[in-house]
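Take a look at the structures below.
Okay, so subunit A shows up in both of these, paired with subunit B first and subunit C after.
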Partner chain A sequence: MLVSWHYKYRGSPMDQIDPRARWIFSFAFLVAATSTWNSSMLAVLFLIAVIWYSLGRTSWKETRRGWTLVLIMLFTMIVVNTIITGGGAGGVVPEGGQLVWPEGLRLFGKLLKPGLTVDRIWFALCQLMRIGGISMFFILIPYTMDSRSYGATFSKLGLPDKLAYTIELAIRFIPSLARSFSITLDAQRARAFELDDVKGGIVRKIGRIAPLIIPVTMNAILSSEDIANAMDLRGFGQRKRTWLFELKYHWWDYAVIAFGLLIVAVSLILVYGYKLGAFTVPPFFYQLFQ
Partner chain B sequence: MTEPQVLPLVIRDLSFRYNSRGTPAIKNLNLELHSGEVLLLAGSSGCGKTTLMRCINGLIPEAYHGEMTGDILLYGESVRGNTLADISQNVGTLLQDPERQILGTYVLNEVCFGLESLGMERSEMIRRGEEALKRLNILHLRDKETFGTSGGEKQKVALAGVLAMQPKILLLDEPLASLDPASAHEALLAFRQLADEGLAVMIVEHRLEDVLAIHPERVVYMEDGEITYQGEPAGLSQVVDYHKIKLPAADVLARAKDAPETEFVPAVPPLDYSKPLIEFKEVGFRYHEDLPEVLHGVNLNVHAGEVIAILGHNGSGKTTLVKHALGLLKPTRGSVLLEGVESKSTTVAKAARTVGYVFQSPTQMLFAPTVQDELAFGPKNLGFDKETIQENVRWAIQSVHLEEELGTPPLALSFGQQKRVSIASVLSMRSRILMMDEPTAGQDYWNYQSFMDTILQMPGFDSIIFITHDLDLALTYANRIIVLFDGRIVADGTPQDVLKDTEQLLKWRLLPTSLLELNFRMFPQTGKFQRAEALARYIG
Partner chain C sequence: MQEKKSLWKFGTKQVVYAAIGAALYAVLAYATNMIQLPGAGNVSFRPAVVIPMFFGIAFGPIVGFIAGFVGNILADLLSGYGFWFWWDLGNGLLGLVPGLIYPLIQDYKAGKSILLAELFVVLGSAVGMGVAALSEMWVSGADMNTVIFANFLPAFIPDVVNGLVLVPLLMIAYAAVTQRSGRS
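Then we have the complex of A and B:
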């Protein structure tokens, strides 16, 4: 069955904002945050994200799954890719630079020569602010936006009905897939299959999780056919669609949209007009490692 | 002189062959459907009922491709060239599984989905949506999430979504398959009322007796893609094979008296109350701490020799209860012990050595490239040696009569065959306790009876537990019946004890059947509940 994210009305400030204004503001933030590596700009944007996130009044408990995923991604990108291997900083952080441990690092009696530079640490901090900020905007959506509004919102934003409803289905696909996965996992566990037992190389691992992946994939395919049939049987796509979910702009929605556009405009002017978008390390940070 | 009335639906010489098959699924069908009538379309699995429905509602040829000849006329106009969406304005279809039909996240949104597609004004949508909900007595669900509704409620919500579009023809494809008896009866009364208000209603259903209770005007019986009977409901009993279609018990009794069946004896060992196999002690359970409790203080022991049927209304907690026995769910209070070991201190994989659990939907578990591999999966996980695995696979596949399909990919089989493979894949683990969740749902009478006969006559099970909505299935096969109501066990005992009080049954949303009444009437002679074919031995 097609299910949706666990939304509940909290009476929070976020609940009062029109979903269209929220999507516009979120995408404006995304454009602004991805246009720059300037740490000051990213710090301001991060602060905006924190304030925005707090308007949703979500608890850690309800969003922890989403945050776990983001934290795994952040760990991989920042700790592994940027700090340990330096791969993620390529093209942004200049080669060479001041080493954090120029004399080497003694660990368990062994002298190591890590190539970690001060620039890469600062870059990791910038990445944290950028990805963390964007995540705050988008993690909030499933928990604080009424699932009934998805299709209507994108339609009212000017997208064709079919595309608007496709986006709604795409957003709801993730929790539906999770439910299907959970049922299949239970069915296979009942046949003494244990996920913890999946050991060995990558090919062996993939082979071992086939009992989960194949039924879930097959069900996703079958249910997409069911969804298409169910939509067709109720005349979907025949004429211009109307939406039951009512959307209404208030003055504060215009203010949110205006603020979003202002953020994009200021960011683009600073980046392309004043050339302030480049990655630079403030002098005080070098001094901290001297 | 008045003009002759144009019929809502006329089918002329209709044949259809799926591209993937060599022979036609339906052949030369001729049929008419009148306004204000209920037409019951009966027949065993694979006889072409669903194909006929798909031809009428336009899924054929739009979603299922093949070769079609003949014609379908809706109000005198051929449907050829019409889009599915065009047809949907006249023909409303309710699918067997409401979960496959519901698109909206909230009830009113679901009901208004079709109206949104028609581009209707919001106020008119709400009016028509609420009207459809009111008509089915579910207006109180208006602002509920569809996911949180029970199976019966989902079926009604899906129907409300169809009715809101105000179709003139209503096609119902096994609409009772997932409903408890009382919900099924309520749904049928709603269909009857719709027909009485002028709709043309066609119902495809295996639960013949239930549909006959609302007095359909006509019955069409199909076999091998052809119509073999079309006429009054009363005539059906005389022409169809009562082994294939479940007829009212009195009709079977009358017809079977010349060749009565012998008494069915299950192969479970004699009852042994010395040591329980499974113990539930004050079990309470909730899915999430924010959600209400779904099981309340359940106490229950399962012993060797018991064949237990678990009955209860949609959402009463039946599946939740049996999942505890295997440890798929752990109680939030109380304890569950499997052969003396608490479920919280063991793994599901270990419990699977003792308990085999067959899930409702086979597509959620089948994955292997061949049926052989599928059946070997469980025994391999249990660490059996090669010879034992081979022997178990052979035994399991013979049990479900699918020997010739060992090399076939399970996902290429029909739904009924997939269901049998999913059961065989649990049987091959040779668990001592077998649990089945709605093992016969959506299967025709012949298939479900032969399947249950086979399972219950298999040696090796200490106990068998099955969840069902089918009262006749419970009274025929079980020696103990447990009734769950709102998460509590409200009755537990022999079939004759639990099912004797009609008023109580109605309170539990169970409806007495003709077979139950017949069994009670003949109980002084028989001393045991039996199917109608076997009761025939006692007359004449």
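Then we have the complex of A and C:
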């Protein structure tokens, strides 16, 4: 089994931004986007997300897998829950509102009375901008952030060394554990272990995975003692750790961080200071359905 | 003589266990995604969720939390799904809650220990997936029905079933391994 990271150096503007600045900006965006349902604010944030995403220069082919997951989520959230059943609009969109088909909708000779309102369609657009914007920020990460940088990044962001090193160590373990899994799978198949055509209920099917999971897990646990001893002998945790992956802020990183903080500050002022965060439908949108 | 178990200890051993747990979770989640469990239809079963649960029970709540939290981040990075902080947090809690019984378990193959572990597997899945699903209300504006039926139940049920079936098997195997290798 080949386990590989999706990151590759593209020489894109995103490659030049310090990972710390990227995390700070991404979380600043998350705070700003989740603070409001105001469509104008969400439109501005969505535009920022589009620009940010384009800086990564990733192709659709590369990111298709991640987007498929997001599209399924968006479909469930928006089409099924907000538009068809109206569930997702609860709590944000007020009850009632202008019906899209006040006279009913004739479909295959039958007159249907769908409860879809103009407000709920507008809310679906707001959801699309909000979830789409957040997705653009966070889908980009595996494709544009070097996996070697995670430990150093989180350590420099203030995470305790032990925790940051745990992340670093986990990343290093992945290839050897993937190899161990592959060998175990081959060995079990050589013993006529059948995974692909199991009859029976879910419990039986899950039970079939045990001959794979148990040996891999136990081998990993047994080897961990040696690793821990080796780390102790080298004085792990006795001093502040240094990192092979060097991080250095440039002026543009400070600009990215400052812009992120500005987005949060402006959003919170508009939402809590000027009370502009509530969901409202612009009058022109009502007129479109009259 | 058995070493006294400290619930919140995070020394060198715990760093390694947490890292191995996270890497195992990521690899097994990635691998079982590739293999596709037969007959499960389009329901996404992730047997790898037992890793944070078991690592919590065997090595403590911090190890369980990191195995779930970091493991889910790495699994998503490997699969190219992006970074979903609130679901990572939920996966962390999936390991943390069963880890709370870590000091209470001395014999991993005893019926009482397994029963207690099963109880906390259910509780951990409820808390972990509950927090993750509820966060969708904040992020996506979903209402409670959506959260329960579209987010919570499709994640909670497979996690509980996987945990209830596989955690006892891992506990029994771990008891045999520790006995044979003379570890405590």
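Basically, the second predicted complex is superposed on the first by the 210 of 290 C-alpha atoms of A that agree within 3 Å, B and C clash if a C-alpha of one lies under 4 Å from a C-alpha of the other, contacts with A are read in each partner's own complex, and residues count from 1 in each chain.
The rule we apply is simple: contacts are C-beta pairs under 8 Å (C-beta built on N, C-alpha and C of every residue); 3 or more make two chains touch, one makes a residue touch a chain.
All of these numbers come straight from a predicted model, not from anything done at the bench.
By the touch criterion defined above, A:R191 lies against subunit B but remains apart from subunit C after alignment on the C-alpha atoms of chain A. Looking at the shared chain after the overlay, A:I141 reaches subunit C, while subunit B stays out of its contact range. Of the two partner chains placed by superposition, only subunit C is touched by A:F123; subunit B is not. When the two structures are aligned on the shared chain, A:F245 is found in touch with subunit B, with no touch to subunit C. Judged by the touch definition given at the top, the superposed model places A:S12 against neither subunit B nor subunit C. When the two structures are aligned on the shared chain, A:I221 is found in touch with subunit C, with no touch to subunit B. In the superposition on chain A, contact is made by A:I183 with subunit B only, not with subunit C.
Put simply, more of the residues of subunit A are touched by C, taking subunit B and subunit C as the two choices. After overlaying the two complexes on the shared chain, residue contacts for A:S54 are found with neither subunit B nor subunit C. Residue contacts after overlaying the shared chain place A:G207 against subunit C, while subunit B stays out of touching range.
Residues 1, 3-4, 147, 172, 210, 213-214, 218, 222, 225, 227-228, 231-232, 236-237 of subunit A contact both subunit B in one complex and subunit C in the other. Listed in rising order, the residues of subunit B touching subunit A in the complex are 57-59, 62-63, 83-86, 88-89, 93, 95, 99-106, 108-109, 112-122, 125-126, 129, 145, 147, 161-162, 165, 323, 326, 328, 347-349, 352-353, 356-357, 359, 361, 363-368, 377-378, 381-382, 411, 425-426, 429. Those residues of subunit A whose C-beta lies close enough to touch subunit B in the complex are 1-4, 147-148, 172, 180, 183-184, 186-194, 210-215, 218-219, 222-223, 225-246.
The residues of subunit C lying in touch with subunit A in their complex are 10-13, 15-20, 22-24, 26-28, 30-32, 34-35, 37-40, 45, 47-48, 50-51, 54, 58, 66, 70-71, 74, 76-85, 136-146, 150, 161-162, 165-166, 169-170, 173-174, 177, 181, 183. Interface of subunit A with subunit C (complex): residues 1, 3-6, 26, 30, 34, 37, 62-63, 65-66, 69-70, 76-77, 80-81, 87-92, 123, 126-127, 130-131, 134-135, 138-143, 147, 162-163, 165-167, 169-174, 177-178, 181, 195-198, 202-203, 205-207, 209-210, 213-214, 216-218, 220-222, 224-225, 227-228, 231-232, 236-237.
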